[in-house]
Each structure stands twice: as C-alpha cells, then as structure tokens.
Amino acid sequence: MADRASSLIQTLLGRRVYDLEQPRTSTMPIHPAHRPGYLYQLHRRHRDGYTPERTGPRSGASGMLTMMEHTGTHIDALSHQSDGLRLYGGIEVTPQVETQRGFTAHGIETIGPIVARGVLLDVCAAKGLDLLPAHYRITAADLEAAARSAGVTVRSGDALLVRTGYGKVWDDATRYLAAAGVGREGSEWAAEQKVRCVGCDNMTWDETEERDPKTGGALFGHLHLLARCGIAIIENLMLESLSHDGCSEFVFVCTPLKLVGATGSPVSPIALA
Amino acid sequence: MADRASSLIQTLLGRRVYDLEQPRTSTMPIHPAHRPGYLYQLHRRHRDGYTPERTGPRSGASGMLTMMEHTGTHIDALSHQSDGLRLYGGIEVTPQVETQRGFTAHGIETIGPIVARGVLLDVCAAKGLDLLPAHYRITAADLEAAARSAGVTVRSGDALLVRTGYGKVWDDATRYLAAAGVGREGSEWAAEQKVRCVGCDNMTWDETEERDPKTGGALFGHLHLLARCGIAIIENLMLESLSHDGCSEFVFVCTPLKLVGATGSPVSPIALA
Amino acid sequence: MADRASSLIQTLLGRRVYDLEQPRTSTMPIHPAHRPGYLYQLHRRHRDGYTPERTGPRSGASGMLTMMEHTGTHIDALSHQSDGLRLYGGIEVTPQVETQRGFTAHGIETIGPIVARGVLLDVCAAKGLDLLPAHYRITAADLEAAARSAGVTVRSGDALLVRTGYGKVWDDATRYLAAAGVGREGSEWAAEQKVRCVGCDNMTWDETEERDPKTGGALFGHLHLLARCGIAIIENLMLESLSHDGCSEFVFVCTPLKLVGATGSPVSPIALA
Amino acid sequence: MADRASSLIQTLLGRRVYDLEQPRTSTMPIHPAHRPGYLYQLHRRHRDGYTPERTGPRSGASGMLTMMEHTGTHIDALSHQSDGLRLYGGIEVTPQVETQRGFTAHGIETIGPIVARGVLLDVCAAKGLDLLPAHYRITAADLEAAARSAGVTVRSGDALLVRTGYGKVWDDATRYLAAAGVGREGSEWAAEQKVRCVGCDNMTWDETEERDPKTGGALFGHLHLLARCGIAIIENLMLESLSHDGCSEFVFVCTPLKLVGATGSPVSPIALA
C-alpha cells in the first residue's frame, strides 16, 4: 500500500494544478433568482479579544458568511431541479423529501468527491474567438467540433467542461450574465456521452434566453441533466488557464461540501495535468 | 501533454478516494467562539415557481447558508491569528489590512489548492486506543511514536494529519468539544518538520485546556503555526476510514474556497491512495 | 385640529411610559423551533472609513441582524398558524398564499399600529406569588380572579396582557422556557372577550406541555386565537414595572414592523398611564 | 390611577393614528453602505410540521430576517456616528466601547421609547411642490418658512419631522436615493431648537451630495446631530398622510427595538392627532 501511494505521489510530482474557481466577493455576478447572493463580514477582529497582559500575544479574527449556495463557482445537486415535481429517479417532491432544512433525497451530500477524467471542449477557441457572442447557444455540432479540434474523445464517466470564454469577464456582472451557454441539443449530446458531470464558465450552463417551443420552459439543460439524467452541473468555472495551455485532458477533482440537504455547494475544483 | 495526462489518469484509475469531511448540519458541534455557527434553510421550494402550463415541467429549489467560516471541516487562513497584532510575515493589523469585508493580506484566497503528500500520524491507534482520553495533550514523542509505528517519515511540504479518534463522536457535541488535541511541544515538532499544513480530527488542533505558563495564552499551536510559521491548520477532519485501512501515506487534496478576505474556509479534503 | 392635538399633548404630558420590551442579545431565551434565533454583529466599525485628512472627522459604524421573527418581544401575525391548512377567515394555504418571501395574506404588515385600551391581568400577583410555578396552566377562573382583584373589566377591542412573573427570569433561559402559560380554557375565555390582541410575559402565551386530549395538539391558544379568532398574540413582554405599580389599565401602543409577508415582528410595546 | 388611565383612554378614543413606516421588502431602496440590506425568507412552512393524525389540525410557519439595521424606516443610535473617533459626550471609540457584538455605550437600547410632541415641517408643501427637486438642499430658512406656513413653533424636546415628498417614490429606488435632504444650516437650525429627535422622508436626513468645504466631509447632519448634539435621527419616514391632512402637530410615538449594542433599529413610528 505504501508503495502504491509512493508511486502515486511520484506521478503527481511536478504536475501542474489548474485552479478552476472564481474569486468570491459581494460584487461578483449573481443570478437574479439567488440574490442577495453573497456576503462575508468580518465578525471578530484581532483587537476584540487581545489582552496580552492576561492571555499572551495571540489574538483571533473570524467572520460570517451569508450566502445562497448557487453563487460563485458551485455544483448543483440533483435535488435542485424537478421534472413535474419529481426528482431524478422519479422521487416525488413530498413534504418528507423537501423540508425546511433541505432535501432528504439527492441533497448535495450524496454526490461525494469527484475524481474523474476531465475533458475541456473549448468551443470559444475552436471557433477562433476571444469570447463567444452574447447569448450564443452552443450546439451539439459545436461540442463535437471542439472535441475534434482538440483531438479528444468524451467518454462515459468523464467530467465534461465547456468553455465560452466568459470566465474572463467575471468582474463585469452585466456582461457575464449575458454569456453564451449550451443549447438544448448541446445538453442532450452531453447526456448521451453518459458523463459524470458537466461544467461551464458561465452562470447557468444553459443559454438563458432559450425557451422550449412546446412547453415554454427555460433552462432545458437543468431539467434534462439534473432531473432526468442524474448528471450534476458545475457553474461559474474559470477555464482561462486550461485554455491558454491548450490542456484538453486532465484529472478533474471537485469536492462538494456536505451541506446536508442542500441543493448545491460552492466548490473549488482543480485540474491536474 | 495529452500523454502525460493519460498516464496520470491511468495511475489514478482504481485508486481509493477517502472522504475526510464531516457532514454539516445545524446540530453539529460548534466552537463557542463561532456560534450560532451553521444554518441551512431551504429558501425556494419546487412548487414556488412551478407553473407547468406556462413554463413547462421544470422547477427549481434552492437555499441559503448562514455560517461562520470556522465551522465544520475547515481550514484556517493565516489571517485568522495574530502574534502581538502582527500576522505571519510581520504584517501589522492595521485598518487597511483588517477591513469590514475581511483581510487584504493572508485572506483564505491566498492559500490556493493544496495537492501534497499526506501523512497520517494515528496517535490513537499507535496507543492501541479506540479514543484518546478527553483533553489528552498529544506530545512530540506521541507524534514520533505514531510515525514509527506506521513506518512513515514526515517530510517538508507534507500535509500532516493527526488522529485523536474523536471524528467518530461528531454526533455527540459535548464529548467532541472535550476532545484530545495537540500540545505545545507537538505543535512545535510539527512546525520543525516544515510541513505545508496540519490537520486534526478535533475542533481546534490544539488541546483546549492547555495554557502557556508564562503568558496565560491558550491555543499555542494556532499562534505558532499560523502567525509565526505560516502553516495552515485544518480542523474537524474525518480520519476514521484512513485509520481503518491503515493508510498512512497518500495524496492529500484540499481546495479552500476563495472567500476573498476571509479567515478560513469550509473544505472537503480527500486522500487518494 | 391643532387644538385637538394640543389638548392630546397636554393630556399625555407627565404620563408615565412603561417599556414592555425585553432586551435582545444572542444569549436571550430562544424557542427551540426558532433557533439559532438572534445575532447582531457589528459589521462596519468607526475606523474602517475614518480618513480625517480627506473626509473630515465623521465616521460611521453599523451592523447586521440575523434573526428569526419569533424571537424576543414580538407579535405573531395571523399567518403564523393554520387550522387544517387554512388561515384565519378560511384562507387556504396554497403556493399563492405561502411563498418563499412570505405570505400574501395575513402577513404582519396587515396588522397595523395597535393603540388600544390595555388591561393587565396579573395572575401572579393575584395569587400572592413572586412567580407562578413552572408549567403552571392559567385557567379562565385565574384570569377572572385577577380581573376582580384589580377591579378591571376586560372589554371588546382591548389589549389583554397576562402576567406570570417570568419576565424577571429573562436572563435564565432554562427557567424562562419552563414558564407558566395560559391553558386551553384561559385562551377560550380571552377570545370570548373579543379582545384586539393578547400578550404574555412568557415565550409562547400557551403553557407548552398542555396537549389536547382529543387531537394530541399543543399550543391550543395559538390555534384558537390566531387561526380561528383572528386575535394577535404578543410574547415575551416585560410586565414587571406595570405590576410593581399596580397599573392594570392603560393605553397600550404596539407597532409591528411592516416586514411584508412575515409571520410576526419584533416589537417594543409601551403602556401609557 | 385608574381614573387617570380612563381619562387618557377617553382622550385617545377616536383620534387618528398615522402610520409613518414604509413597507419592508427585498426590493426597497437600500443605501449603498448598507447593502445587501434586507431579506425575509419563509423558513418553516405550514405543511412542514403538519401531522393532523398525531398532533391535531394546528400548523405553524415562520421565517428568518437577514437585515442591516439601517434599512427601511429606522432610527440611528448615537453610537452610529463619531466625531474624530469620539461618540457623543466625548466617549472614545476604544475596543471596550466598540465590540464585535456592538457598542457598550450609546447602543440603540439606551434611547428608550419616544413619546413626544411631534411637529411636521412640510417643506415640500410650503413651497407648493409635489416633490422637492432631486438633491435639493433644505436650508434653515426653508424650515422656518415651513413652520410659519403651518403656524407651528418647534419647541425643546419635540420630535421634528421634515417632509421632502420623496416618501411617495419609495417604490422607485433610483429616484428615492436621489432625494432632497437637509443641508448643513438646516441641521444646525434643528439642533438649536434642542429637539429630542429629528426625522425625514428620505434615506439619510442629510442631502447626500453636500460636502463640507473645509473638511471634505459628507453627512454633516449625522456628525452634528448624533455625535455632537446627542439628537437621534429617524430615516425613511412615510409622511404623505400627515401632509395630506395638513397635520403639523401631533403626539409622536417611536419605540426602538432593544437590539443591545446596535447602532440603530428598524421602527414603526406613529403620529396621534
């Protein structure tokens, strides 16, 4: 066992760690449904308990977070979405399943740590653009072209990351909230690859203005991936470094917090390559 | 590059992923200084926006977190502690450094993802105990004995995890808050190994009743490791599975959230072995 | 009009103002259903924005409240309770009535300022006790005896305040939460008087251990007064000064905050006599 | 005593109660320094604990408030402002006075219930306007003219309310935040009258764009009234009904919540006339 661990450690030595999380501040972009979104306040400051004559030179400071779980770089639990008031696997949204303290089925704590092959489909780069147009709807053909362009194949169990380029405008909330996103066929294509999870460098994975002509519904990918296919969605990823290095295949690590019952979790995913 | 990634992916295939995070609920143990601690409330429920005739079968639910950053399994930023009102590196705690929105130096966002060799010093197992006695103070000799017992050597840059066994009583707040912890010499020994970070399966790393006879100060390890040596501390780890498998050497991955300015972050660390 | 106002002002001159609110702190008693209850944190401190050379000598400090609306001295809105999932007046609890942002019917903003004749039924004093026994259940006969003892009559439209004496143990949460309260017949008697609102110097008006032998239900007064009779309940009043002065009849003023949709509001009621 | 009370009750019978509070919602205007400001979330819903077969037909719902104390109609405590890091009365802002849980001097709990003669200076009406111009700076002469126009005299101990007319655009945050306010000489004039407190139908009492030519300071009234003269300020009053009825003299009742240590409190003041 120690030998196995040593060899793993050797293999990882010198590998680059890509940090795929955006910084969290009270001015970051927030989806309208999740406002006010995020606040960190320093609660206790160093001088508050500083009494060197009695308790020595040490002092502590700490704060408080008030945040919706769907802010910043985060992962959606399957309980986040329903299809006709049924969660993935046909679980009915009853008061026993949906409680004031969260869900007793498909809460974020059920996802577990994700350590998977990761693939970047850099649609923005494959189209030779710095940024996809606002509200551009990524198609299945776009995803296939990006895979061909990078010479990668998406496999069952992968973490499939899609790049729009909007990660670079995180500081401009208005522009960021009008990002490109994945269209209906793109989400269906992703689900057909039987991936473990998907992720995108925008607020919602989906392109927000798309409506299903039959039902009037928005956010088809949320419905299809979470409620129908059991595939988690990661949002607000920062994919610029991976793109810059042309890194399309990597080990993806994403460890949701066990916020028992919650419909999602802030995460700080990494790529190792 | 793709080959390097493929080989890494191959190496990781089939490795066990140990989840080192405790579940988060409003009844988990909370340190008195960080009360009320943690609350997750379901904010929007599936029926709230469910209008199938107009917007199709999809519905969403989401919640809100109110939490101190030093609750549950979490990592302390260097700004969490001062030595005579100076942070690590001699940075003075001025109003420019310590603001209402957090610290402009040594905030948790400066730590970055941790991917390091991890070593478990299972003091509890090395002593042949199920649980260390309440308020037992772990010595440097205890740490060295645990390393010998497991046949591992702590190296510079490692993540050094110490097991008291109290992770198994997470559901019993009173007992958990009286856990064993690392004593002064133990913290000094850890710092001498020049580790990247330390972690423990208790609330505070330190043994909480120890007082420095000269200064009257508590939590010596916090002072020494964070403010003097620049070594981050991870608390409330769940180390039972690692101990059960006798896994003493592994790849440790811990990715703090970039809560800009915060003095810590909830984390969900893993061990790969 | 000015004359009318002047005469009113003259009348009020020199009247004593009784403050009927308990102080609010993070250690005050909290009902288990409303934990964590109450937290005030200083958010911005004076030095944070103090730049005298640029903006002069003024500085500001401010904070943040995190609180359940049923903490401290507060009033219950009619939406706080249902009778078989119907609010007062037979309003069904549908998703249109009960939303994530609160109630669209019988929210606390519908109560309006209360300026009414107030009557104190000092059950504790009428029995010659310093404090009613723990969990004592106040009967209709107790209320009538207290009225007789004080020589007051309860009238339609009054604010009816009942004193147990427990206001004086506000600092002892365990004892306070075991207070005496009004029993079933006492609540029925109060409702028969057609009062505007009732109030008590305990956490729940009702005696908390009483159960309806037929239904198993607790808090009968909540069901009867709020959901069936449309009578608001004020809890955690401080009635010691009124009792000390033997003041049984007064002008009662209670102005709920217009927390739109909320099921209650913190209040600071007064008695003028 | 009962006779005195009866006569008071008689006097108040039939008097009109003016409600001077604006409704509180998550979309109301918020001062930039106090964002995110206000959130009410329904936490527990009626069906959550509804088990009629075991506990009868009663069910309860309740929520949680997350709010800065300087939102909505509120009163500023004297601790809200300092003059060169000294509170009113020369109290130095030390760590003993300014703590993580608020102020140990001049916290809002020290104000007590306000029952005072109230005077409305309707500057907007006196000028024959529907609304004062955006950022109009009310002068001492404006206040004196409004008093003459209404035939009232401001006296020592009064609650002095100033109307800009902006209360009617509470639903239009952008316009409201550009309201008229009281200028430097206006605040000095108010202080000279030795009033108990002042109030205004805007966000800040002061006109927000005024700067002291000597110091560069904003919000002169805050500095002068709170830190130098010990006069509380009430903001975001709704004065439209008083103005409509031409009611310039009344009994003013305002009862701050005893949020121990806080720099202000939401209030729901009334005028009786």
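Just so it is clear, A, B, C and D label the chains in written order, and each chain counts residues from 1 on its own.
What we mean here is this: a contact is a pair of C-beta atoms (placed from the backbone, for glycine too) under 8 Å apart; a residue touches a chain by one contact, two chains touch by 3 or more.
This is a predicted model, so every value here is computed, not measured.
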item	value
Other chains in touch with both chain A and chain B	C, D
Same or different residue numbers at the chain C/chain D copy interface, by half rule	same
Centroid spacing, where centroids are CA-atom means, of chain B and chain C in whole angstrom	43
Between chain D and chain C, distance of the C-alpha-averaged centres to the nearest whole Å	23
Residues of chain D touching at least two other chains	26, 41, 43-45, 47, 50, 64, 66, 99-100
Chain B residues within the chain A interface of the complex	1-2, 4-9, 11-12, 15, 17, 19, 21-26, 33-34, 40-47, 50, 52, 54-70, 72, 79-85, 93, 98-103, 109, 112-113, 115, 117, 151-152, 212, 214-220, 222-223, 227, 245-251, 253, 255-264, 266-270, 272-273
Residue ranges of chain C touching chain B (in the complex, touch as defined)	26, 35-37, 39, 43-45, 47-48, 50, 66, 95, 99-100
Complex contact set, residues of chain C against chain A	41, 43, 45, 64, 66
